[in-house]
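Going by the order they are written in, the chains are A, B, C and D; count residues from 1 in each one.
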Amino acid sequence: MVLLLIAVALLVASGIAALLAQAVPRWCTRCGAGGAMVACTLGLVPSVRVLLGGSVESLHRAWAVPYGAFFVEADALSAVFLLPIFALSGLAAVYGAEYSRGQRRLGTSWFFFNLLVGSMVMVVLARNAVLFLMAWEVMALASFFLVTLDDEQASVRQAGWTYLIAMHLGTAFVLALFILLGRPAGSLDFDRFASSSTSAGLLFLLAVIGFGTKAGFVPLHVWLPEAHPAAPSHVSAVMSGVMIKTGIYGLLRVLAVLTASAAPPVWWGWLLVAIGVTSGVYGIVFALAQRDLKRLLAYSSVENIGIITLGIGIGVLGMSTGRATLSALGFAGALLHVWNHAAFKGLLFLGAGSVAHATGTRDVEELGGLLTRMPWTGVTFLIGALAICGLPPLNGFVSELLLYLAALDGATVPAAAAAVPALGVIAALALIGGLAAAAFTKAFGTVFLGEPRSGAVAHAHESGPAMRVALIVLATACGLIGMLSPLIVPCVGSAIAALSHDSSASVHAEMATAVGTLRTSALVGGGFLALVGLVVLARRRLLSARSVEAAGTWDCGYAQPTARMQYTAASFAQPLTTLFGGLLRTQRDVDAPRGWFPRAASFATTTPDVCGQHAYTPLFAAIGRGLGALRWLQHGEVHLYVLYIALTLLVLLVWRLG
Amino acid sequence: MWTDTLLVFLALSSLLLLGSSRLTRCIRIVAFQGVVLGALTLAVHRDGLSVRPLLLAVAIVGIKGVAFPWVLSRVLRAGEVRREVEPFISYNVSLVVGALTLGLSFWWSARLPLPMPPVSSLIVPIAFFTTLAGLFVIVSRRKALTQVLGYLVLENGIYAIGIGLVAETPMVVELGVLLDVFVAVFVMGIAIFHINREFDHIDADRLAVLRDWSA
Amino acid sequence: MAVVSFLPPLLALAGAPLLLGVINRTKAVVAGRIGQPLLQVYFDLAKLLRKGAVYSRTTTWIFRAAPCVGLAAMLSAATLVPLGGGAAPVAFAGDLVLFAYLLGVSRVFTVLAALDTGSSFEGMGASREVTFSALAEPALLLALAALARQTGSLSLSAMYARIGVGWTTAAPAFALLAGALLLVFLTENSRIPIDDPTTHLELTMIHEVMVLDHGGPDLACILYGSALKLWLLGALLVGILVPIRSGSAGLDVAAAVGGLLTLAMLIGLIESSMARLRLTRVPQFLVGAGVMSAVALLLTLR
Amino acid sequence: MILALLALPTAAALAAYFMRADAPRRWLLVLAAVLHAALTAATWVTRAAPVASGWLALDAPGQLFLSITSVLFLMAAGYGVGYLRREHRGARTDFVEGLLFANAPEATFTACLLLFLAAMTLVCVSHRFGLLWVGIEATTLTSAPLIYFHRHHRSLEATWKYLMICSVGIALALLGNFFLTVAASNADGTVVPLILEDLVRSASRLHVLWLRAAFLLFLVGYGTKMGLAPLHTWLPDAHSEAPSVVSALLSGALLNCAFLGILRLQQVCVAAGEAAFGQELLVGFGLLSMAVAAVFVLGQPDYKRMLAYSSVEHMGILTLGVGLGGAATFGAMLHAVNHSLTKAMLFLVAGNILATYQSKSTADVRGVLRALPVSGLLWLTGLFAITGSPPFGAFLSELTIFKAALDHGRVVVAIAYLVLLALIFVGMATAMLQMAQGPADAPARRRGDTEPWLTIAPPAVLAAVVLGLGLYVPDAVRQVLEHAARAFG
């Protein structure tokens, strides 16, 4: 605990130091990034210790603000989220030290970056509503300033605005939730929280909305695809990789409270599964339609949040149907996916950052053939892409396998209440997996393979060592979690026990078969790698003696194939985008070639977010109009103002005394 | 007896004000009300004249009956404007409204039983009527000047209640109040001077640049 | 694990190309030709393995790695799939997921290799491949999940060992499952009516166009890999359709192999009797498959 | 000590009025402010004894509001010196309509500022209701010339409306005073003297009906001055036309004083067991004010008016808090502190922005963060502080009020409160972010290249205090707040 608090203090201090060193960029980076690295390494120690079954430490001090108390605790659930926060933030700092070199307002950016990391840690540690909300809002504000760092662009300002409004409204729900939770005991400390069975449903909904806004549940996700691309890439990595997970953390924390007294009703699980399916499919379909690489990744974050929510939903179902295996596996899958997503989404955002850094564009239609120019970035990005598609033997597969196991287990129970959603989960996971494969083959294929689609690529260069290190470490993490899953999964056991109000021993027992499965599938995965090696060797032997020539790509009889004749990302995704056209509402602006000798012709598609476009914008406009209609009140005529006074007086006298 | 008569004068003068169209006459009416109030201060003290009410009466008459009219007619002369009241609501309607208000105040005062025997049963309704009449003048008349007059009538109505119901308010408070009102009217006078200089008119209804709504 | 459990993968390795031969032969016979020898595919493989290679200057190591990865994935998948009642050497709860995702691995690499060439045709094929497989995946997994629910176990071998019981209790569900699996089988192996492997117009191909640029040993890997895929998915289908569970592994396996050969002939017949679907119609076809397996599941829910 | 508090600014005002030279007069202003603040600080150490037979006394509420006033005036005085330096004398063109106008003589301005302080001090310390009335009326009269500092017709219009509306309102409050006397008089004609303590002591003997009537009149009368909707109409005009330093004082100090007027009677009502009567009305007015504020804050094209409406909103929050009673009253007291400091800070910063961009329209202001780095930062800080986001003080007070609403089971009120807060946040965030962010247009850059420290330091200090109050509420402050809260039920 002390180490954790030191880490937070160090983060804040180094941030301020960076701000003060504004004038000297080198020192600015040293303070900011250095402080973040050291703090994150410090923080990793206790988090890991707790995960490995270390004692839970807590600290309770009085705090002179209304209802406030400085009450922090690092239990298993907190540790599960602390680990990725520290790991990814540290790596992001390493990356950012090089990435943000030569940018303006370096001090500001590092100050808010470290503040963001610190506040995330405090959010996960806090056990008092006031403290939590403070950290929660500081987190939102810090990330807001990071998002709007480049505020000369109108689009960035718009994104920042959307983000800020969304966060603030979400916080309002969380506030109401905490106050209602604290009502019975008359204290806002988490350990005194309680819920009556009557209000539990309402509280659950409040939690889903409040924390779902941060996590990016559809349809509360509108801020996400705007904000994440706007921020610098190492920040997007942190925001997408861990910050939105604090929403998941909050939801789990509250679920643990709400289910403490009584098993949750079935509809909670159904709702969560429904949200998961919606977010998953919606997210990946929109990811498929994007041409801005970081926007694509942002939407895929919505999808992965959906997958995590599926897991939580199954877990809750398991609790309400009293099926321990189901809850254990569901929560295990969800928690593990939290880690995995942190790993590969962080990796992918950093990779995207390197690409943008090297080519100056994030538009996939202008990229191509980068694998030869940026081998390291390419390979790591490929690993990330494969992992996020859930392909064995990488980490994405492990968490999805756990979810499949949970769902299959649910599917085999007689009770339809659990079976139907379980089957929905299977179908959804399969569909999401397929679409994710499409989306990320599109991303990797168009960015790194084939011929360059524009001059932007020509002078692209591999990024420097610091950035490479971060990429490589994360890629290795993806591989290791995949291969060592049988050893890693048990670490989240006690966190699951806390969630399902179960002894961690029994949780481990429930997960035993699953761990066995993981072991075998890891073995098969290893075998698969070995086989790849063998086949590659065999092929090399065969070809060693023979002629291996280089030629142009077989062009099916075209005289001069050019890079621009390549299949574009849009056309690659076109069959699926048309299939989901009803959801995507892609806007085309076509300038069709006219006449016998057409001059210029153009065809462009944009896919703005449906919810934003067709739900929120009209709503806000309507509210604005409605309120605007009342403005005649302030018409400027003084004698009528006096009339207001007279009328108010008369009404009050007649009404209250008459 | 005396009291009732004075109160009736007060009410009538207020009604008269609602009906009169010339600014000069309005000012005179207000002056008259000031005098009436002065007299009222004396009248309510049946038990022989002590020095305090005498002093107060002098102050009231001096300020309300002499000073204010003087200030206002200065303003009126300074701004060479049409001497009409220019109401939003016609004189007849104003009179009707006045009558209704009178009724309302009688009805309302009937519902407020006084804890102690009042000097006169008319005091509450008529004073309240005067107050409302003052408000009505402010609301229904166009000129800044008339609005000041309305404010004065309002003030007078409130005074009447003060004099009639409140046996002892300490002298200091009374004078402080008077002083404040005096300064208020004085500042308003100055303001009207400035308005008069800034604008070629002193119609308050055209002082409506600052607003959040445009038709 | 018993020695006999190595039988299914070995048979797959040995017999996979034969199925292609059978299909082609059947088509030829129906068309009134003598057609190629049954073992033609083996000859092709042998020839390809003796050749050198030509690589496009555009391509990277991905292009070279893809065939090997694909083949390796199929080989590992082969260790999971039982043949008839005969259990596979590797069987554990949830291996069906691993199987499905290993197919995914090979697919993703094929697609990447296609994109690596930068040729618009191969891009086109890749695009179609991801589209259709994305739709085929739910159908496959739902079908297997239905089997799991019906047989009450989560491992392919165990599931297929108990198939026989299923037919007696939930015949309609199983019929639907078989149907769904057949559609998935046709799609995944890019047979008519989804795709026509023997066409000569790149514009209309899916799988074949993706491997246009491959040659020599690489092409051999790809060819052999797809043959294995045919065999494995076929085994899953046949495992349901030929529910002979005598208990003696030999007999069951023999029956299954017979079933596979019949399946090959059946495909031959289909291909010579039907035309390819228009590509825009294919999604409906696959969604249909998904619906079939979903219905099968709902039937088992009772 | 109380007399000193009153005498000091008055004397300084007279001195300032007759001073010829500018510089010493300005420093006299600061000196007076410092001394006043020092005296106020002293009252925290040693209780100030009541004087004039209990007419003037300093209880917890008085001390609270007096301290707010004094601190704000100190800051305003410091800022004012910088402001007056920046204001060039003589005729100049008005940037709205391009007409020529001049400023009021600086001597008058300074004198009125000091008299204004004296009047507000009187309001805070007077326990005699009549005197309270005199004080509040005096604040109107002394502040009217301040609003008319820039002598063009818009400020004149604002002044006129301010005078007219507030005078009418306060006249009604006078009627309320008389009714209170009636309520306090016994059948035998004797009267309980209208001193707070005496009334509270003999509250049970008060005549309920007349007490209620008095409360209604106080509510409408002082409510007008305080800016409760629908009586707030003068407020946006006066705040937008007055010099920013004056707007800061009006919004931060004056409105509180008017509120104190209502609270004093509420204090009596509570003692008389009539608390509920007032609380219902206060809740109603509170929500109505917030709603009206929301209407005008959303899409408000003039940022000073926006701040003014936000003041209406926060007055609503205060009344709502007192109306809810219990813990909410404490919240309201705390919120009074937070709002005053934050709003004053915002108005001062708005003054800097106005001086640089020469426009009050939100649309014309871009890139404050670049043109005026410090002011820009303070502007954003102010945005988050005033909309009650953690870790600023307003968050704690708004949280307290919201919690109380839920704990009392006033769910509808709580929901309305939250929704209105959210709406107003959207409105203010939209406008203030637009102004703060984006590229700074060239002229703004040129004009705003310097930020004199006198115009930066005061708002910076206030921002620091607000942030501090969000992280730590000192014990002494908490006690005063609690005493005050207990007085108002």
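Quick note on the criterion: a contact is a pair of C-beta atoms (placed from the backbone, for glycine too) under 8 Å apart; a residue touches a chain by one contact, two chains touch by 3 or more.
Remember, predicted model here, so these are calculated numbers, not experimental data.
> Averaging the CA atoms per chain, pick out the one whose centre lands closest to the mean of every protein CA shown.
When every chain is reduced to its C-alpha mean, the one closest to the whole-protein mean is A.
> Higher C-beta contact count, A-B or A-C?
Contact tally favours A-C.
> Nearest whole angstrom, what separates the Cα centre of chain B from the Cα centre of chain C?
The answer is 101 Å.
> How many angstrom between the C-alpha centroids of chain D and chain C?
79
> If you average the CA atoms of chain A and of chain B, how many Å lie between those two points?
The answer is 70 Å.
> Could you state the distance in Å from the CA-based centre of chain A to that of chain C?
Comparing mean C-alpha positions, chain C is 36 Å from chain A.
> For chain A, give me the residues that contact two or more of the other chains.
631, 633-634, 638, 642, 645, 653, 657, in rising order.
> Which chain C residues touch at least two other chains?
In chain C, no residue touches two or more other chains.
> What are the residue numbers in chain D that touch two or more other chains?
Expected reply: 160-161, 164, 168, 172, 209, 213, 236, 296.
> Let me know each pair of chains that touch one another.
Per the contact definition above, the touching pairs are A-B, A-C, A-D, B-D.
> What does chain C use to touch chain A in their complex?
The contact residues of chain C facing chain A are 49, 51-60, 62, 64-65, 67-69, 71-73, 75-76, 79-80, 90, 92-95, 97-98, 100-102, 104-105, 107-108, 111-112, 115-124, 126-128, 130-131, 133-138, 140-142, 145, 148-149, 152, 154, 202, 212-213, 216-218, 221, 279, 283, 290, 294, 297, 301.
> Which positions of chain D touch chain B when the two form their complex?
Chain D residues touching chain B: 128, 130-131, 133-134, 137-138, 140-141, 144-145, 148, 151-154, 156-161, 163-164, 167-168, 171-172, 174-175, 178, 181-183, 185-189, 191, 207, 209-210, 213, 236-237, 240-241, 296, 300, 305.
> Okay, in this complex, where on chain D does chain A touch?
Per the touch definition, chain D meets chain A at residues 160-161, 164-165, 168-169, 172, 209, 212-213, 216-217, 219-220, 224, 230-231, 233-234, 236, 277, 281, 292, 294-296, 298-299, 330-331, 334, 369, 384, 387, 389-391, 395-396, 399-400, 402-403, 406-407, 414, 418, 421-423, 425-426, 429-430, 433-434, 437-439, 470-475, 478.
> In their complex, what parts of chain B are in touch with chain D?
112-116, 131, 135, 138, 144, 147, 151, 154-155, 158, 161-162, 165-170, 173, 176-177, 179-180, 183-184, 187-188, 191, 194-195, 198-199, 204, 207-210, 212
> Give the list of chain A residues in touch with chain B in this complex.
So the residues of chain A touching chain B come out as 631-640, 642-643, 645-646, 653-654, 657-658.
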